[in-house]
């Protein structure tokens, strides 16, 4: 049954030159979708092509993962870009990733905004629309991977783009369906089994389970696991195992 | 007659941030094809989209103009990149330009290598093939704009790509059909009328006319004029006028 | 009398690689202090050394002109840097400029913050102090060039640094002694003679003359002229002539 | 006896933004001199200050470690810079490092060229002299850390600079006293004990011991250990232990 299929995504290719972050190859054996950095906050053409090659070899979907032009801040800082510059930078990065994927014999099948850009698009309608316009101009068949119920999802819908709704495996949720700010109690879930169990519960329930215990029904197409923390691969593996045990088929939401 | 049609191309969008080089708008009223810098040696997403918009408004064809990753050297220095990195960097830049053109409501219709990368591809078969492979992987329908009779043209042909053969309006040629090195007598042609007259003679003859007076028959699809020297627009205008007076229709070799 | 001496400063060396901005050599024949960009918002080691050489040849004082790390935005955007990063980036840039000046056979004799960093230091005490701490750590004998009466001046004083108080030749002032925001009526003064006359009046009065006609007494050590606008050199020349006619000796506030 | 004192140096601070390379803190507990990357091939003002702080806390000498402007290639590729640009880039980096050291309450006490720049200075007299000129202009009291018997040492001597002669702990030597090219038999020494034993033998002999068994008498002031390979800290610790067992006092060649 298609409803029993679920996607697992992670940020990958987050190196630059000789620098690496996270254990990409371990994660690529676990996830089904790879959000590949496009050179602005991380990534360079070599890493982008290598990551696309490794994803293709494992049947993992390749997503363009544009971020702010901020190598030093890793795309985790809101940069002082206007919405027009954001639209153009996002388009640029998607196109660059499409070309790198083509060189690897595969193609980009979705787009997901990175870090501070994604956060901003989840609270600023104009930024959300700029990202959606960029995707639409470059390839209107590409869905946007978004958190459900927030401006980024609505902008994608308003622009006629497909949406891949995601939950975060290791982050706590507030009552409004947004992530609890880091530092607040429950903002970060730790322990591979705790993370895996919570993901299974949310996916089976078809709902976000908030820190306060509220159940917010949403469509869940994919689960985001992190790759750059210690124990990241172990937690991702536990999430995958828990979902498989619960009867889900792990598969990319999109296919090349 | 279609054989009486000729293209006029120039490097454009060669700014970065607030810096500009050359008088882009003046040149866009003269040329029929714009080689747009893709962010590695010049250009940024804002400038790329703006240049594509201005080109589209004038019916000027948009070409991706990839170069070495060398903002400080403006792509005029051979960088120590291996052929694999060259292939990937070129693909990245073409994809980025395609996306920026899409955002401007137009599309990339050809590729031309910039500066030191173009020079290297004209004497190194492996580099020429790396560029051709990149184009082929991203979009095999895109022709490469090349100097006739050199490795870059042969690589494009071997990879099944279309070729747009160009001559340089203001550069002298040696007996082997390559440009005379800058600094040698006759390497640089000056004077708008002298430049225009020589271009007309070569295009009418269907041949490169060398500094020594030899005639090397070649197909000439386009004439490259420069935009960043004093008097550049005037020389370009003279070239266009001379070709029109001689009965040629100025039109992009490729159309969006 | 030393009170009849006045300094004239301008931002210089604002190019990058092959890009240039403004007519540096024309301005260097007019001003007495050069605020030299240090590679973060503009400038590279070649341009920094060349500018220092040209300044030295004319007896023009060399100032380090640090800005935000923002080549694309030319340092005119507030970047999301914490005060610690600002302190470190400013120190880095001052040291780099000192070394480039040393290579040119001269030395840095003052520091002035650029663009958005200067604006931020004029309204944020913590940023003002970060800049002052950086100067003090690198060389406590270097004075800071600042607008009088604002946080940047107070931070310099609190850290025991010398202050060079400046007025802007072509910008209108509000009642609080800050510059009127661009776009407001009177924010920008135009016309070389109008600019020169207003500067002479303020310097002779020892006061800022606001747009509303109020006179705010301040010490004026230097007058900032701009180099990157059309007619910039002409306006700077008119300012210099008006001050000389009024009996002032144009001389660097600091000497190498 | 002063001749029984020996320095141990390593490249440190080789990160950028959130990326790190090697285990800096482990190495800082072993070495006596830290070659700190200056932002061109690695390093940023935050990392530079943090590294200087950590070095100061341990009594480790801080050296400026300039390299080619090549973040993507980590300074291991020869860039197409002329000697004048090399001189200016090296000066810029030394000045920047001096300022970052000052902010950390310490100071730069020597200079060592990085990677491809160091290799080039060991075979090209003009490049060696450009590096020496840069050091001399910025601070003629700073010694250059160099391989003995090669152009870099001679240039330092010719310019009147102090020299710190170093041997490499884990690299094999050819008959001319240069490092065997990587890939050749014996180019790389492996095994902490083998490395430590060879270093002890060379330091006690006051000679380079070549792969072929020849003994080349040289002054050895310092031993370079590497920090970015697996097992690097272990090998460095073994080198230190072997030298201490042999009666040497480990101490910086230069002191702040």
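For clarity, chains are labelled A, B, C and D in written order, and residue numbers in each chain start from 1.
To be clear about the criterion, a residue touches a chain if its C-beta (ideal position, glycine included) is under 8 Å from a C-beta of that chain, and two chains touch if they have at least 3 such contacts.
Owing to the predicted nature of the structure, the values given are computational and were not obtained by experimental measurement.
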Fewest touching-chain hops separating chain B from chain C: 1
Comparison of A-C and A-D (more C-beta pairs in contact): A-D
Whole-Å gap between the CA centroids of chain A and chain D: 42
Chain A and chain C, separation of their C-alpha mean positions in angstrom: 45
Multi-partner residues of chain B (at least 2 other chains): 72-73
Touching residues on chain B, where the partner in the complex is chain D: 69, 72-73, 77-80
Contact footprint of chain A on chain D as seen in their complex: 15-21, 44, 71-74
Residue numbers on chain C that touch chain D, as the complex places them: 39, 45-46, 48-49, 84-85, 87-89, 91-100, 102-103, 134, 137-138
